[in-house]
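Below is one structure, written out as C-alpha cells, with a few remarks after it.
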Amino acid sequence: MTNLKRMLLAAALGLPFAGQAMAQTKIEGLHVWTSASEVGALKVITDKLKTMGFEWQDSAVGGANGANAQQALRTRVAAGNPPAVMQFLGFEGLGWAKEGVLRSLNDLYAKNSWKAALPPVMLQFLEQDDSFFSTPINMHRQNWVWANKAVFDKAGIAIPTSWDELIASAEKLKAIGVTPIAMSDESWQIEELFESMLIDVNGPDFYKKAAIDLDETALSSPEMIKTFELLGKVRGLHDAGFTGRDWAAATNLVANGQAGMQIMGDWAKGEFLAKGMKPGVDFLCFPTPTATPNYKFVFDTFGGFKIDNGDIAKGQDAVAEAIMDPEVQKKFNLIKGSIPARLDVPMDDFDDCAKRSFSDRVAAIKDNAIYGSLTDGFAVEPRFSGVFQDVVGKFFVTDMSAEDAVKSLVDGINNAR
Amino acid sequence: MATNAASLATSSTPLATNARSFRRQHRIGRAVIYGSLFFMAAFYLMPLWVMITTSVKHLDEIYAGSFIGLPQQISFDAWRTAWSEACNGTACKGLKPYFINSLLLTIPAVIMSTGIGAINGYVITKWRFPGSNVIFGLLLFGCFLPFQAVILPMAQTLGILGLAGSLPGLVLVHTVYGIAFTTLFFRNYFVSIPDELVRAAKIDGAGFIRIFVSIMLPAALPIIVVSCIWQFTQIWNDYLFGASFTAGENAPITVALNNIVNVSMGRKEYNVDMAAAMIAALPTLFVYVVAGRYFVRGLTAGAVKG
Amino acid sequence: MSRPTPLSNRIEHWLPRLVLAPSLLVVLVAVYLFICWTGWISLSSSMIVPKYDFVGLNQYVRLWSTPRWHTAVFNLFVFSTLFLALTTGLGLLMAILLDQKIRVEGTLRAIFLYPMALSFIVTGTAWKWILNPALGVQKVINELGWTSFVFDWIAQPTFAIYCVVIAAVWQSTGFAMAIFLAGLRGIDNSVIKAAQIEGASLPRIYRTIVVPMLRPAFLSVIVLLSYIAIKSFDLILALTNTGPGSATEMPSTFMYSATFRRDQMGVGAASAMMMLMTVAAIIVPYLYSELKESRDGH
Amino acid sequence: MSTLEIDRARKLYGELEVLKEVSISIGTGDFLVLLGPSGCGKSTLLNMIAGLEEISGGEIRIAGKVVNDLSPKDRDIAMVFQSYALYPTMTVRQNIEFGMKIRGVPQAERDKAVKTAADLLQMTHLLNRKPSQLSGGQRQRVAMGRAIVRQPKLFLFDEPLSNLDAKLRVDMRTEIKRLHARLGTTIVYVTHDQIEAMTLATRVAVMKDGVVQHLDDPQSVYDRPANVYVAKFVGSPSMNIIPAKLEVKEGRAVAVIDIPGAAPTELAGIPVSSQAAAKYAGRRVLVGIRPELFSLAGAQSAQKLSVNIDVVEPTGPDTLALFQAGGVEVTARVPPRAVAARTPATLAVDTAKIVLFDAETEQRID
C-alpha cells in the first residue's frame, strides 16, 4: 500500500519513482525468458546471486523472436537508462560492444582463467577489441531430429543416415497415418530445417563460406540450389494445421505420436521430459543426418552496460561469476535442456541427449566442424540472417523454384551489405 | 427514435388484401432482419467463445487438439494462475501487479488527455484567432503518426526529462499522443454548440475559464464519455509504448500479458494464456458494456444539433 | 489602436493562445521534431544505434530493392482498401438493421462493440485457431459432414492478408456501427415518413435518402478507421507474425523488424518516412478541405 | 448626453472592409433598429457595440464613455440573441441569475431580481425548467429576462424574433414594445424585417454593404427615403421607382412619365427645391411613389394617370393593382373592387408625397 501511495504521489507530481534510484543492491536484468523452464533455469543464477549479496530485479520482455526485448533495450539505451545486465544472443552483444557501451570483464576472465574453460569457437561472441564483455551460461545444439520412438518402430524406420533417407521414410510414416514432419510455417522454424540441410549436405566448409563468410560464389553455387531443392521435397510432409504453430506445439505432435519427427534445437527436449518420456525409450534424439559430422550451436550470454555506479559494477561482476560457476552451469542446464558452456562441467547427471551433445561438441571442436546457427543469430549479422529467413520462408510456402530462391537470396544479401 | 417502418406501411395501406400481404412481407422482413443480426452476433462472439472455453479447459485437452469445442471438464485454475501466480520472467506474481500499474497509468493519462483535448477544442472553436485553424491542422496530423517511428527520439526525450522507465513517463507519452484525438473529438462537438452561447456568457461577465467550466464542460458530457472510452481503450490496450518506456515491475498489463503469452522457447500454457487475456481485457470490456449505451448516446449528441 | 488597454483585457486576449501553446509545443516536438529526426536518420548509415552522418538516399534505394518492402506496400494498399470498405459497409448494415426497433438491441450492440475493447495481443491467438484449417472453422464444418469444405486462407501466401482483413473488420465494425447508429438516430423521422407516403420501399429509402444524410458519420468513420488501418501492427504480429513467408508484411511491421531486429535503423527510418509521406498525401488534402470548410462557415 | 455614440466605426477582416465609417448617435430611451439584409454589417455593428467584435477604427461610446477596449461585461449592456443562447445545462433560474452570480450579487438580491423579471415576463412557473423543456416563445422570454435583470444602460437585440412563427412573432413584438415603454431603456435592435423596424423603432438605420444608408425616425425613412435602396427596402409592397423626365414648367418641377398606349403623362406638384429642379431640368430622374399615394381619380383630382390594369391582387382591406408605367411595373393600392384586371383605369396621385431620385447616384433629390 505504501508503494502504491508513493507511485500515486510520484505520478501526481510527475516525478520519476523514487524506487528507481534506490536499487543499490538490486541488479536489473533484461532478458527474453518467459517460459516455465526458462524461468526455472534463470532462478538458478538469481539464487546464486542472492547468496553473493545481490538481488536480481527481473525485466522480461518476451515475444517477436527477441525483437521486443531488442526494442526495449534500444529505447532504454537511448534514454540513458540501460539495464545493468542484458541477455545477448550471437551478434546482438557484438553490436553493442562495438558501440563501446558494455563493461569489460577482462579482469574476471584473467583472474578465473575462463577463456581456457570455454570452447574457443564461443570466444568470438564474447570478445570485442580484446575486451570480454559477456559470459556464456549454456550451449544449445541446433541440428537435432526429435522422433517418437513408438511411431518409428511401428513404421519400421531406422535412424536415417542421410537426408534422402529421412525424406524417404516419410512415406512409411504417411502409410501408418502419421504426419511425417511436425513443423510450422513460421520462417524461422523452416530455416532451422534449411540450415541443417545446408551443412549436412554440403559439409562444414561450405556452410562457413555460404552462411558465415557470405561468399557470393558459394551463395550462388549449384550446392545452394541443391539445398533448396532438398528443402522443396519437405513441402507437403507436414500437416494442414502447421500455419502459425508454435514450435512447442509441433514438438507435442511428436510426443503424442501424431507426427513422426521434428527438426529443432535441443530446447525441444523439455517438452518430452515434461511428459515423463525418456530419451532412447520413448523418444529419439539424433543429429540431423550427414556424412560429415558437425555441430551447430546457440548459446545465451549476459553482459553488463557501463553504468556510473560502483555498486552496480560489483553486481555485474557477481552476475558474471555466478554464471561461470560450474555448479550453476550444471543446475541451469539440467533445467534448460542445453549443455554447460564450460567444457569442464561433469556430465554425469545429464540425460543421454545432453551427453551426446557434449561429446559431439568435443569431437566437432577437434574437427573444426562447429559453427554458429544461422537462424538463431550466430552465423551472420541480423541484417543478413534476416534475408536467409525471408527467402527460405517464402520458398517453402510458395511454389518458388530453387533457382529463383538462390537468386533472391544473393540479391537480398548484396542489398543488405 | 427509430421508425417502425414496417408497421407504418401496414397502417397506411387502405386495402385489406394489401394489408395482409404487407403483414406477411413484414413478418418475413423481420425474420430476415433478426436472422442476419443473430448470425452476425454469433460470428462476433466466436473469438470470445474460444477464449472463454480454452481458459477453463485442462491443458492436456488443448494439446490433444481441442481448440474450439466444449471443455470436457471445467476448471478455473488457469484463471487463478493467471491472476496471481503466472510468471513474468522470474517474478511469479501473476497479472495482479501489472493490472494495478495499468490502472495507475491509464486513469491519469485518460483524464489529462481528455482535459487537454476539451480545452483545446474549446479554444479552437470558440476563441478562434489568426492561425488557430493551422494549429488544429498541425495537432490533427499527429493522429496518423506511425508510433514506431517516434520510439527512439521519445526515449531520448524521456531520458532527458528523467522519466525513463517510469509510469509517469508513460503517462506523459500517452497524454501527448492522445491530444490529437481528444482535440478532434471536442472540436467537432463544440462546433455544434452555438457561438452565441459564448457571447451571451461574455456579456454576462464570464471570462475564458468561467465559460469553459460553467457552460461548455457541463454541455460536453456526452463527448467527454466518448473521449474517455476511446482513450481508455487505446491506452489500456497499448503494447508498443508500454514495452518501450517501462521496465520490469513498472510494466503495464499488456507487456506482462505478452510475456506470458509469447513464450519464445518453452511449453505454452494456452489455458493460462487465455485466462490472462480475459483478465487483461476485463476493464475495457467493462467500460464498453457498462458505458456502451452512453457511448452511442454521446456519439448521437455529437451528430444531432443541440 | 494605441490606446492603453486594461490588463484584464489583454489577459483575456492572450489566454486562448496561452492555453493552446503547450499542446502546440508538445506536438511540435513529439510529432514534427521527431519526424525530422527520423528523416535525418533515414539519410544516415545508422544500424544498431543512431549515427548522424550522411549517405544520401542510399537507405531509400536499399529499401526499394527489398522485395519484402514491396509486399508490405502492396499489402497496405489491399488491406486498407478492403478494411475500409468492408468495415464501413458492414457497420452501416448493422446500424440500419439495429435501427429497426430490435428487441434485444442493447445486447446485440454490446456484442458488436466488444471487440473494440480488446487488444489483438488478447484476441490474436483465438483468431489464429479459428482460421487454422486443422483447428478452426474448416475442421468444425468438416466434422459436421461437409468434408470437402476448405478454408485455409491463412496458410496461403496469396490469401493470408484477407485473414488479416477478416480479423480487423471483426474488431472495428462495432465502432463504425456505433457512429452510424448515432447518425441514424439523429435523422428526422419525418423524412422517412414522407418517403414512405411517396411509396418508396424501405431499402430504397435508406439507399437514396437516409445514407446520403449520414455524410458526417461517414467522415468520422473513415478518419478513425484510417487511423486503425495505419496502426495495424499488433494485429499482424499476433495473427500471422507477417507469415506465411512474409506474405502479410506491412510497412509498420517492416519498419519494426528493420529497426529493432535486423539492425538496419537507416532502412527502418526510410520506411517510416515513406509511411509518413503516404499518410500525408492522404490526410493533408482531407485536413485542408476540412479546415477550409470551417473557415467558410464563419 | 447620448446613450450610444458610434463615431466613424470601422470593421476590417483582413483587407475586407465590412463596416465603413459608421456614425450613429442615439439618446436615452431611444429604440434604434439596425435594418438591412443579411451581410449588410448590422450584426457586426451590434457585436462591436457589445464588445464581441473588435473595433478596427473609430470609436464607440456608451453613456459618454469610450468602450472600444472594454470587455463586454464592463460595457453595462445586455443582449438577447437570435438563438436565445440559453445555457443548456442550467435551469431557467440559473440562466437568469448567471450574470449576477458572476458579479457577486448576494443570493437574496438575485432572488428578488429573478422574481421581478419573472413576474414581468409571466414566467414564474418556468423557473425550474431546463431550456430544452421550453417552447420557442418561452425561451425568448427567458432570454429577455436574463437581459432585464442586468438593468443595463443599453439593451442589444440580435434578430430576437426570427426563430419564432408568424403569430408568436407579432405577439412578442408587441411585448418588446411594451417592455420598452415600461422600462424606458435604450435599445439597439437588429433585424432584417422592415415591419419590425417600423413598429418598434424610434430611430431606424437602414444599412447596406457596411454603410448606413439612412438614419432617421421610421416615418421619415418611410416617407422620404434617402435613396432608391432604402425606398425599396422599407415598405411592403415597396415603393414604385418609375423612370421619368424632369421638366420645369412655370418654375415648378414636372415629371413626365411614359404610359404605354397613352400620351406621356405629366405629374406636377412634386416637392423639390427650385435649385434642384433647375439642376435636373430636362434630365432623366427616378420618381418614387408609394403604392398608397394612388387613388381612384375623382373629378377634382389634379394629377391623374390613365393606365391599363394588368393584374389585381385583393389583400382584404384593399386591392393592389398592377400596371405598366415608365417601362416598369407599378403597384397601386386602391379600395377593394375599385378596378378590374385588363381594363383601363384613371388613377390620381398624391404628388406632394412623391420623392425624386437621381437616375445615376440613386440618391434623393430634395
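Each chain gets a letter, A, B, C and D, in the order it is written, and its residues are counted from 1.
Everything below uses one rule, namely that a residue touches a chain if its C-beta (ideal position, glycine included) is under 8 Å from a C-beta of that chain, and two chains touch if they have at least 3 such contacts.
Since we're looking at a predicted model, the values are computed, not measured.
Visitor: Does B-D or B-C have more contacting C-beta pairs?
Guide: Top pair by contacting C-beta pairs is B-C.
Visitor: Suppose chain centres are the mean of their C-alpha atoms. Which chain sits farthest from chain C?
Guide: Between chain C and every other chain, the largest centroid distance is to D.
Visitor: Can you compute the centre-to-centre distance for chain C and chain D, using the mean CA position of each chain? Integer Å is fine.
Guide: Roughly 55 Å separates the two chain centres.
Visitor: So, what's the distance in Å between the C-alpha centres of chain C and chain B?
Guide: 14
Visitor: What is the distance, in whole Å, between the centres of chain A and chain B, each centre taken as the mean of its C-alpha atoms?
Guide: Spacing between the chain centres: roughly 38 Å.
Visitor: Going by the touch rule set out above, which residues of chain B reach two or more other chains?
Guide: 65, 152-154, 258, 261
Visitor: Touching two or more other chains, which residues of chain A qualify?
Guide: As it turns out, chain A has residues touching two or more other chains at 63-66, 68, 71, 74, 78.
Visitor: In chain D, what residues contact two or more other chains?
Guide: Residues 71.
Visitor: Give the list of chain A residues in touch with chain B in this complex.
Guide: 4, 7-8, 10-12, 14-17, 20, 28, 30-39, 42-43, 46, 56-66, 68, 71-72, 74-76, 78-81, 83, 246-249, 252, 256, 258, 267, 270-271, 274
Visitor: Show which residues of chain B lie in contact with chain C when the two form their complex.
Guide: Touching chain C from chain B are residues 1-6, 8-9, 12, 29-30, 33-34, 36-37, 40-41, 43-48, 50-51, 54, 65, 67-68, 116, 119-120, 123-124, 127-129, 132-150, 152-154, 157, 176-177, 179-181, 183-184, 188, 191, 207-209, 233, 236-240, 254, 257-258, 261, 270, 273-274, 277-278, 280-281, 284-285, 287-289, 292-293, 295-297, 299-300, 302-304.
Visitor: Note which residues of chain C are touching chain B in the complex, please.
Guide: It comes out as residues 12, 15-17, 19-20, 23-24, 26-35, 37-38, 50, 93-94, 97-102, 106, 108-119, 121-123, 125-127, 129-130, 132, 135-136, 139-140, 170, 174, 178-179, 181-186, 189, 192-193, 196-197, 202, 205, 216-217, 220, 223, 226-227, 230-231, 233-234, 251-252, 255-256, 259, 269, 272-273, 275-276, 279-280, 283-284, 287-288, 291, 294-295, 298.
Visitor: How about chain C: which of its residues touch chain A in the complex?
Guide: 47-50, 62, 65-68, 128, 132-135, 152, 154-155, 157, 237, 239-241, 243-247, 256-257, 259-264
Visitor: What residues of chain D sit close enough to touch chain B in their complex?
Guide: Touching chain B: residues 47, 50-52, 71-73, 77-79, 81-90, 98-99, 102-103, 146, 150, 158 of chain D.
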